[in-house]
Every structure is written in structure tokens, then in C-alpha cells.
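In the two complexes below, subunit A is the common chain; its partner is subunit B in one and subunit C in the other.
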Partner chain A sequence: MPIERIDVHPTHKYESFKLRCGKPYPFGATLVPGGVNFSIYSSLATSCTLVLFQKHAKEPMAEIPLPEEFRIGNVYCMVVFDLDYENIEYGYRMDGPNDFQQGHWFDKTKILLDPYAKLIGGRDIWGVTPDWKDVYHHRAKIANEDFDWENDKALEIAPEDQIIYEMHVRSFTRSPSSGVREKFRGTFAGIREKIPYLKELGVNSIELMPIYEFDEFENSRPNPETGEVLLNYWGYSTVGFFAPKAGFASTGKLGMQGDELKALVKELHKNGIEIILDVVFNHTAEGNENGPYISYRGIDNKTYYMLTPEGYYFNFSGTGNTLNCNNPVVRGMVLDCLRYWASEYHIDGFRFDLAAILGRDPLGYPLSNPPLLESLAFDPVLARCKLIAEAWDAGGLYQVGSFPAYGRWAEWNGKYRDTLRKFLKGDTTVGDLAQRLQGSPDLYAPSGRVPATSINFISCHDGFTLMDIVSYNYKHNEANGENNNDGGNDNDSWNCGWEGPTDNPDINALRHRQIKNALAMLMVSQGVPMILSGDEIGRTKNGNNNTYCHDNHLNWLDWTLLEKNADLFKFFKDCIAFRKAHPVLRNPDHFQNRDYVGSGYPDISWHGTKAWYADWSNNQTIAFLLCGKHAKQGLVEDNYIYVAMNMHWETQWFEIPGLPSQKQWKIFANTGANSPEDSWEPGTEPLLENQNGLLLRDRSVVILVG
Partner chain B sequence: MGIVQEVKTEQGVKIAVLKGDVDTKSASSVTEEILPLIEPDSKTILDMVGVEYMSSAGLRMLLSVYRQSEAQNAKLVLLGLSEDIADTMSVTGFLDFFVTTDSLDEAMKLLA
Partner chain C sequence: MAFNCELKTINAIATISVSGELDRKAAPDFQAKVEEASKQDITALVIDMKELEYMASAGLRVLIFAKQHMPNVTVYVVGAQELVADTIEKTGFNESIVMLSKYDAAIIEKN
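For the complex of A and B:
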């Protein structure tokens, strides 16, 4: 018979509440026998009160001051017994110094959100206008952490084998054209319904734009042209780092967003798909000096934010404040947070927004050995998670190629994006292109970093979609209400002869061909390819390259495009299948540019319109040959693959290098041919008629397999 | 009033008809009225047609009853879940753990 623990009994009483001193770890609210353990850190609070609400109530039902004997060091911890934890929301009031220049903002009239809240109420259903007079907008709730994962675990796909699909939860299925039932549109459940689509496309990893609880009503304002409300749609502004957004769950109104997300992860894993979260540790939703009190500001402003000596908020994020990531306590919070998502939600990896900030010290100076990045790289729980950095910030710290990696971090390779876009218009040297196609050894090999360090992409949520890159020369962001001043100007795009939509069949055909050229090159590059959700069906945002505030068709995926642009979907599907079928495209190490297995061919060789002779002085024609015997550094035997690229405005004859005897070239893809003959399902490729050479039409890419 | 409106027995199968909301308020009902129906090797149908709302805690209590019945080698079937509740259970991963059906005949067959 189990012996009852003594600490299921209270030792203190306050009004009708039975209490006991709690345990400091873990931080946040944790279910313990008989009650709930509340724990919160503050280095300078002089008092702390737990505020309890009945769910959705306007006023608190109780305020329980934590006695001094419930404070261990700088951590207040208390167990409250017999709480109906499903129907309670909780917050804190903290008192302490209020001195702008010293960086102290304590205000006991504010009710503060627990930074470790695992569930947050207040925006339970997306887009429902909040009660602006609410004394406590974002309300912490208590989570069950009892999901039955059965045998699920993180998939641990080898980094070089990833094929990433970047998507926004709401955008993916919000449109009625998605065919998803209305109650599931724009939610985690909606993504789950579309898993068969993702499997057919062939991607094995989805990267979700921020799903931490955020406030879609932050900075909400009317669109000057249409009057509709512009929202914080993308969500790069965190309210709670440990809570999934209720408004992204069909069961958000029941408070079951945690279960819904976990069920999605479990189903994705069953179908061989990993899940990566876009995490935003560079700033919070509290903004600058004029921003609201949500959480950190009233709990420990000086610890959590980078402040100038005069007490103002440093703004390396461009959004108002900067999280003080290399402060040991904040570092602990970031680690706790990621470990929580990895262990509780079985998340496979994380992409860090504006990651250069994570390498700055409390006064903003770049560190050569940032403690946070080092801790993340060596953390035991995160050891097999993908870590991907957007290796720049809004303060000018551009670190693509130099991000402190510790052998673990991958980077969004902005140079890949720039080079490929320029090549599509014939604006860059083939030498630069060659580096990108090889996994950017110029950036990564000298410091011993592998090709999988390079996340190769041509489009992502920031900037034009792939269709818009080939349809617009200029951005058109008027709908954002900032006079088209927002969004980058360096789009490296080319509209193929007309700005925007056109009926001209030649221009539209060229646009489709350019999209296929881009995707073909992406899928045969060493490194890790990432595509933007919707590019496979020709998604357009009408030339808007910064749709952060639109809860409408500019962001919602239009699924009717699947039929309209079926040729694009087929091409994407075939190229992704091709990449998965050929390990020689996914090497763990860099090329050595020589024959080290005795096949008679170097692992990679470069060619031009003439075989075995690459003309490095031109910007339009180049080809490469991969020796199949060198696949995965010679450990695996694969086919030979030849890729020819002609970005010239005229047809060019390419002489093809010969294969070892008995082997013959087959044609996998030719973007110059009309669909459905522009690509073939791997294994069904037809024989190339003339084994010595072929004609590439203007602006086309050919991939042969032998 | 408890959550169980009536209990009848048919061909060796106990049928408990539930009515009302299944949430923390009806928690004691679940333990006092439903659990006693579960015995080693017993067969039980929970008729859920009269249940309009189940909270997160409600789903968990139901799953707990289910697990306890499994532990005793007893069988349990949920009959007549509303579309809303079935959807909630489906997207949160709970549905897979239960045997469910819309027809009494089917339920009796599943327990045979």
C-alpha cells in the first residue's frame, strides 16, 4: 500500500485557500499531489501576490500574497491546494523599485503573465475583438502534461536529407478553397487534414512560422484603402514562450490547444514528416518604453531586456525591445523553453529568428563565444534537434558564414537566395553560382562546417513568393498602409516582360519555366533545400513582399491554384522525389574536386557548352557532373547526374560528357519542354536520343541521370 | 443529479445512459456511478447521446475510466458521440484510444 507523502497536506491558510511552501523547480505552474506548485523568479521584487480568476471573469476571485518564508533566493514558490485547475486563470502582482534610469519598472497595479505559462487564455479564438478594458489580457492557465505519445519520438532525419516546407498555420488552410471543414480551417487540425497532400508533394519537414502565443491585435489598425483591420498576422512578437497559440487550434475555446498540437506532431511523425518551429527569442510583445505591461517588464525588466545606460530599450530587433539573451537567467529561460518543446511536444528542430541577437552581450556588443549559443549547441536534451539560425539582425550584424556554430548550427543562407535570383536574370557570375550549388564551401568549408549548414532557399515568408519573383520587378505593398515604404527593395526579381498579371501566353510560359528552373537548381544543390508553402502551386501575393499584417487572401493559400498550375505541382513533386532517390545530391561532406574512389571521374566536375570545359567568364551557361560512385563520400553507389543550366536568351547546344561504358544518359527534367514532359517520375526517365549533346532552349535547365 | 441517468442490462452488457456535461463538476459522478460498473471481464456501453459538452478534464476522466477497464480486462464502448465531441476527440488524439460507434447493434456486436 503506497504511503501518503506528508507534503500533500497544507501548512498555511489564507482566506479559504490552503497553502504550503512550494519547490522552486520547475518554474511555472506544475500539478503536484493535492494541488498546484507555482514558481516565479524575480531578482528585485519586494513582494509577490498570486492573483486567481475564474475562467473569463472580469475581476479576480482571490489575491494570495506569498509570505516571505515562501521565497527561496530570488524565487517565489507556493503550492495551492484543491484548485479547480481547469477553470482557473492566474497572474502575479509584483511590487518593487520604479526607476526609469536604473531600468526598474515595478508596478503593483498591473497583473502580470507568468513567463513560464504553458497555456494562455485571452485570445482563445482568432480575431475575436478583445475587451479593451480587461485588467488582464493574456491569462496564464494550468496545463495537463499527460499526452499519450505511445511510441512517438523525434524522427532525427539526417540533416542533409531534409526537405523543408515553410508554412504559416492559418494561411495553409484558412481559405474555403482548402476543402477543410470550416471549424478546422486555419488551425493545427487543418494541417493534419492536409498531411496526405504534404506526403504527395514529398517534403519531409515542415517549418511553422511562430506558434508561441502572440497577440494578433497588437498594432491593429484599419487598412487605409479598404477599411478592413490589419492585424499582427505573422506573429513575430511573443507573448508567452511556453504556450502554443490558442487561436491556432480548433479546440482553443476548450483550452486544448496543447493536445491538438501534440496530436498533429504525432500524426506528422507517423507519416515521416518532421516539425521545426520558428522561434523568436530576439524580442517580446512588450515593445519599447510606450509598450504594454504583459509580463517581463513588471517582473524583472532589467534582467530580461537589453537596456542603455540611460534606461531606454535597445532595439536590435527593429521592433522596440531586445531580449537580453546572454544574461544567465534569460539564457536559462531560453534553454528551459526549448527543452520543454523538445520533450513535451516532441519537436524536431528550431529556426531562430534574427539569431544574431543571440550572440550579443547585455550592452549589445557581439560576443565571439556567446554563452547562449554554446549552451544550446551542447545541451543534452536538444542534442539531436535541428538548430537553424537566421544569421542576421536588424542592427547590422550580418553573420552568414560566420555565425558561432559549435559544429551544430545551420544557417538560412541569404547568399544562396541572392545568387540564385540573380542567376535567373543572368546577373551574376557562374563562379558564384557554382559555390552555391555545392553547399557554399566558400562560406563554410574553411571553418570545417558541412554542406547541411547551408539552408538553401530562393523564397520564404519575407519577400516575394516564387511566382512573384518572376512576375514583378518592384514591390507593391500599398495594402500595408505604409505608402509602399516597408519591405525590402533588393528583390533581385525580373517580371519576364510585364509587371504583374498578364494574358500574354509567352510571358506566362516563361514565368512557369523560370519557376521550374529555380526549383530544379534548388533540388540538385548540396545543402538543405527549403521551399515556401504555395510556391508549388504558383502562389502569388500580388507583388506584396511584406504581408505581415494581412488576414485575407494575400496570405491565405488559394487551393484552386493546384488545378490551375498543376504543371508546377507535378514538377515540384518529381524534383523532390528525384532528390530523395539520389543520395549523391545529399552529401554529408564537401566535394573534394577529385577522384578519390578510382572511378575515373572526380566527385564533381564542371562543364559548359563544351564538355569538360567550363567558361567561368560568362553569366549564363554552366553545367556540372556528379560521379555516382562518390555518393555520400563514396560510401554509397548512386547514378551519375548531369545538370546543365542555360540562362541565355538564346538556345544553346550543350556537349554532354560521356559516361562509363554500359551506362547511358536518361533525361529526368527539361524545363524547356512542355508539361508533362518537363519532368519524369524517378525510375521512368526516357533515354536521351543523342548521347553526345542536346539543345537547351533559352532560360532552361536540364537534368540527366545515368 | 449525477451524470448517469439510468443503467440497464441487456444480454450481459451493462448500458449506462449519460446526460449532461462531462467536466470537472461531474467528476465525482464519473467515479461514483460509472467506475463501479467496471469489473473484471465485464462489458459496458456508455450511451453518450445525451452528452452535449465535454471539457478537457471530462475527456481525460473518460480516458482514465477506459484505462482502468482495460486493466481489468473489461470492455468498454462509447455509443452516440455528437459530431462536435467526436471532432474534438479526434483532433486532440483522444479518439483513437476508444472503441466508438453510432449504433447500438454495432456496439453489442463489438462486445460479443
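For the complex of A and C:
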């Protein structure tokens, strides 16, 4: 019979509760034999009380003060025995100094959310109006963290082989047109029903916009035009970093959102699809001096937030406050959080919103060697996770190309987006385009960073959809209720001759062709392509380039477009399959612009309307040839690939470079042809009739394979 | 409603009938019956859920536990009510068991 440990029984009593001093690690609430271990850090609290509620109750059922002997350093930790942990919610009251200028905001009348809460109640069902008089809105709960993963683990797809699909959990299946069962719409379980669609499209990685607990009712207000309630729909405002959003789970009302999300990850992995989470460590939902007490403000304001010497909140995020990421304690929280998602939820990677903030010190100065970014890059648990930075912030720090990378970080390449959009309307030099198509060596090669550093995209949740880039010259955000003042003005878009919807068949045909041009160039670029969910079926947001607050058709994917724009879906599917079939498009290192395997062709060569002669002075015509023998730095043999781009308003004849004898050019894609002949399933490409050259109609792209 | 569960074994098929609400307090009873069934020489375990009104995450875990400890036994869940069936499906557990709307001898007794 095993002898019991001598340190797991109660030593104290408070009312009917049996207690003992707990262990400081891990932070948060953890199941231990006989009870629950609670642990929370505060550098300046003078007292700490654990507040317990019966699930959903208005008033607490007990408030247990933590005695001084339950404090180890600055960590309060306590085991409470025999708790019915599935049916309670917990919070903390903390007392301490309250001095604005010193940055102290302790207030013992507030009940505070545990920053390490693994499950949070209070918004269990999306969109249900909360009780505004609730004394404790976002309530920590205790999770069963077990899950039967069977043999699942992170997929570890090579960085250069990723094809990323950016999506919002609710938008993806909320519309009845999705065909998903009603109870599952707009949830993690709903995404599982659409996995066959994702597999058919061919993407191997989905990037989910924020899925940790956030408050959709933050800043809710009526739409001035329609009266409907505008919500915090996108969720870039964290309430709880460690908890998946209950409102995104159809089992949220049962508190099983953790299981539901894990089941999604397991199913995605079974189908060869990675999952990347969009994480927002740059600010929290507590806002500025006028914002609510949710958590950090009342626990340790000075540690968690960047404060000015006068005690105000720095606002590098543009949303009210800025998380003090390079403070060692906050750094620990960020690391614990990401390790938690990677190990408990088997997440494959993270995309960091406004990541430039992660490189600022507590007073906001950019650091050349930011401890947080260094720790993340070298962390043992996160070692194989993708780390992607949105390498700018709202305080003027633009770091695309210069983000402190430590050999690990990738970046959302905003320059790729800008250059490709400009090229589509003939507005940029082909020299700039050439750099983007090669994985932006001008930005990344000098510091030894590989092409996969560059996350190439033309559209994402911020800004126009791909269909809107080719349908609108100007943003139309009136529905946001801010007089069209919100959203960026530099959209680099061109409406093809008419602003908005039109019956004109020529304009609509040009729009489809431009979308295909964009996608074709994206899929033959070195680096990592990312597409926006819905672009493959011509999704429109009616010209609104900032739909952060809409819980309606502006954001919900309209699946009827799959039939209406079947030509687009087929083209996307073929191009994605083409990229997957050709390793020469996915090199781990940059081109050397020379022949280093003895094939007689350089790894990449540039051409124009004349073969072997590129005209770098024009803005409309350019072509490149990839030598198949140089694929993956010469380790793999692939076909030769030739891509010609004509953004001129007139048809042009392109002379095609010759292939080694015995090889012949076949045509994989020609956006100038009508569907279904605009692209072919890889392996079925027809022979090019005239091997010496071909006509590219105005604004079209051709891809040949030999 | 109080939880109740009963075990009957006929011809190497164990059937546990559950009724009421399977929450964390009731889960140990259910687990005990599953363990009892696992000690027998059976080819199939049938959980009859026609009278089960509610199953919390603790109950779900007993089902998973059952599957893990009886790898050569097919686990059938029969007659689960809508809320319970949804929970099983949304958490992905339906992949490891066979869900039937009613007891189908042709399927269950085929061995």
C-alpha cells in the first residue's frame, strides 16, 4: 500500500472550507489531490481574498482571505479542499495602494479575473446581452485539462511549404448558406464540418483570428443607419489569454469549449492541416484610464501596463493601453501562455498582432535586443512553432525587414501587399515586383533571413477583400458609424471602371481576371502565401475595409458564392495544387541568380516581351524562368517554370525562352482565357502550340511548365 | 433528477443503462459499472442512454476512459437524447464509438 504524502492534507479552516498553503507553480487554478491549488502574483498587493461563486450566481457564496503564511515571495498560493470545481466560478479581491501618479490602482471593491484562468464564464453564448449590473462579468472557472489526443502532435510542416488561410471562427460558418447544422454554425465544431472543403481547396494551414476569451459587448453601440447593435466582432481585445472563447463553441454553455477546440485541432491534424492562432499581447480589454477593471489593473497595474511618468497609460496599440511585454513578469506570462497553447492544445504556430510593441521597453523605447522576442525565439517548448509577426504598431514603429528575428520569426510582409496591389494597376516598377516575387531578398537576405520569413499576402482581415480591391477605388465604411473616417485610405485598389457592383459583363470579367492575376502571382512567389477566407469565392464586404464591428452578412461568409464564382474557386484550387506539386516554388534559401548545378540555366532568370531581356524601366511587363534542376537549392529535380505577367492595357507578344532539348512547354494557367481553360489540374496541362512565344491579353498572367 | 445505472451482461455483450443526470457527483457510479464490465470477457459494451437527460464533461470522460481500457471492445451508445448526442459529437468523441439511435441487434450482435 503506498504511503500517503505528509503534505497534502488541510492545515487551516475558514468557515466550512479546508485550506493549506499551496504551491506557487503553476500560476492559476490547478487540480491537485483532494482539491484545487490557486496561485496568483502581485508585487504590491497588501492582501488577497479568494472569492467563490456558485456558477451563474449573482452574489458570491464565500470570500476566503489568504493568510500571510500563504504568501511565498509575491505569490499568493492556497489549496482549497473538496471544491465542486465544475460548478463554481472564482475571482480575487486585492487591496493595496491607490495612487494614480505612481501607477497603483488597487480597489478592494472590485472582483478580479485570474490572468491565468483556463476557462472563463460570463459570455457563454455569443451575443446574449449580459446583465450590466453583474458584480463580476468575466468569471474564472476551473478546467478539466485532460483530453484523449491519441497520437496527435503538431504537424511541423516546413515553413516554406505552408499555404495559409486566414479566417474568423464565427464568419466562416455562421451563415445558413454554409449548410452547417444550425447548432454548430459559427463555432469550432462548425469548422470541423467544413474540413472537407478546406482539403479540397488545398490549404494546409488555417490562421484563426483571436479565439481567446474577449468581450463582444465591448464598446457595443447601435448602427446609426440600421439600429442593429455593433459589436466587438473581430476580438482584438483580450480578456483572458489562456481561455478559449466560450461563445465560439457550441458547447460553450456547458463549459466544454476546451474539449471542442481540442477536437477541432485533432481533426485538422488528421487531415494534414496546421492551426495558427492570432495572439494579441500588445494590449488588453481594460482600455485606458476610463476603462473597466477586469483583471490586471486591480492586480498589479504598474507591472502589466506601460505607464507614463505621470501615471497615464501609453497607447502604442491605438486602443487605450499597452501591455508591458518586456517586464520580466509579463514576459513570463506571455511565455507561459504560448507554451500552454502549444502543449495543451497542440497549436502549430502563432501570429502576433502589432508585434512591434513586443520590442519596446517599459517606457516605450524600441529595444535592439528585446528580452521577450529573444525568449520566444529560443524557448524549448515553442521551438518548432511558427512565429509570425505583424511587424508594425500604431505608434509609428514599422519594422518590416528589421524585426528582431533571432533566425526564427517570420513577418507579414506589408510591402508585398502594397507592391502587388500597385502592380495590378500598373503603378509600380517591375524591379520592385521582382524583389517581392523572389521572397523579398532586398529586405531579408542581407541579414541572413530566408524566403519563408516573408508571409506574402495581398488581402487579409484588415482592408479590402480581394474582390473589393478590384471593385472599389475608395473605402465605404459608413456602416461602421464613424462617418467613413475609420479604416486606411491607402488601399492601392482599382475598381476596373466602375465603383461597386455592376451588370457590365466586361468589367466583371476584368475583375475576375485581376483576382486570378493576383492569386497566380501569389502562388508562384517564393516565401509563404496567405489568402483571406472567402477570396476563393469572390467574397465582398461591399467596399468596407474595416468590418471589425459587424456581426452580420458583411462578415459572414456567403457560401452561395461558391456556385456563383465557381470559376474563381477552381482557379484557386488549381494554383494551390500547382504550388504543392512544384518544390521549385518553395525554396528554403534565396536565389543566387546563377547556374550552380551545371544545367545551363541560372536558378532564376528574368525576361520581358523578349526572352533573356528584361526591360526594368517599364511598369507593366515582366517574366521569369525557374530552372527545375535548382529546386530546393539543387537537392530535388523539378520542372522548369516560366511566368509571364502583362499588366499593360493592350495585348502583348511574349517571346518564350527555350527549354533544354526533349522538354516542351505546357500551359498550366492563362488568366486571359475563359474558365475552365484558365487553369489546369497539375499533370493534365496541355501542350503549348507555339513553343517560341504566345500572346498575353491585356492584364493577364501566364504560367508555363516544362 | 437522480442518476441511476445498471449493468447486465448477456452473451459477451455488456449493457449499461443510464438514466437521470450524469454529472460529476454521479460519474464515479458510472465509472464503477464500466470497470465491472471491463473485467468480464465481452466483445461489446452498450451504453443505453434513452433515459439520460444530461451528461456533463465528467460523464464524457468516463466514456473515454471506457474506450481506453477496453481497446478490443466496441463501445456503442444507443438512443442518446439530442443534447447528449450533440455534446458527444461536438467534442469529437463520436469518432471513437458507434452511435445508434436504437438497439440494433443486427449490428451489435453480429459477433
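We adopt the following convention: the second predicted complex is superposed on the first by the 706 of 706 C-alpha atoms of A that agree within 3 Å, B and C clash if a C-alpha of one lies under 4 Å from a C-alpha of the other, contacts with A are read in each partner's own complex, and residues count from 1 in each chain.
In the analysis below, a contact is a pair of C-beta atoms (placed from the backbone, for glycine too) under 8 Å apart; a residue touches a chain by one contact, two chains touch by 3 or more.
In this text, all values refer to a predicted model and were calculated from it rather than measured experimentally.
Once the complexes are laid over each other on subunit A, subunit B and subunit C cannot both fit and instead clash. After overlaying the two complexes on the shared chain, residue contacts for A:146 are found with subunit B and with subunit C alike.
With both structures placed on the common chain, the touch criterion links A:86 to subunit B and to subunit C. Applying the stated contact rule after C-alpha superposition, one finds that A:494 touches neither subunit B nor subunit C.
Applying the stated contact rule after C-alpha superposition, one finds that A:352 touches neither subunit B nor subunit C. In the superposition on chain A, A:256 contacts both subunit B and subunit C. Touching of subunit A by both subunit B and subunit C, each in its own complex, is seen for residues 84, 86-87, 144, 146, 148, 183-184, 189, 192, 250-251, 254-256, 259-260, 262-263, 266. On subunit A, the positions that touch subunit B within their shared complex are 84, 86-87, 144, 146-148, 183-184, 188-189, 192, 250-251, 254-256, 259-260, 262-263, 266. Every residue of subunit C that touches subunit A in the complex is listed here, in rising order: 23-24, 56-58, 60-61, 64, 67-68, 86-87, 89-93, 96. Residues 84, 86-87, 144, 146, 148, 183-184, 187, 189, 192, 249-251, 254-256, 259-260, 262-264, 266-267 of subunit A touch subunit C in their complex. On the subunit B side of its complex with subunit A, the touching residues are 23-24, 55-57, 60, 87-88, 91-94, 97.
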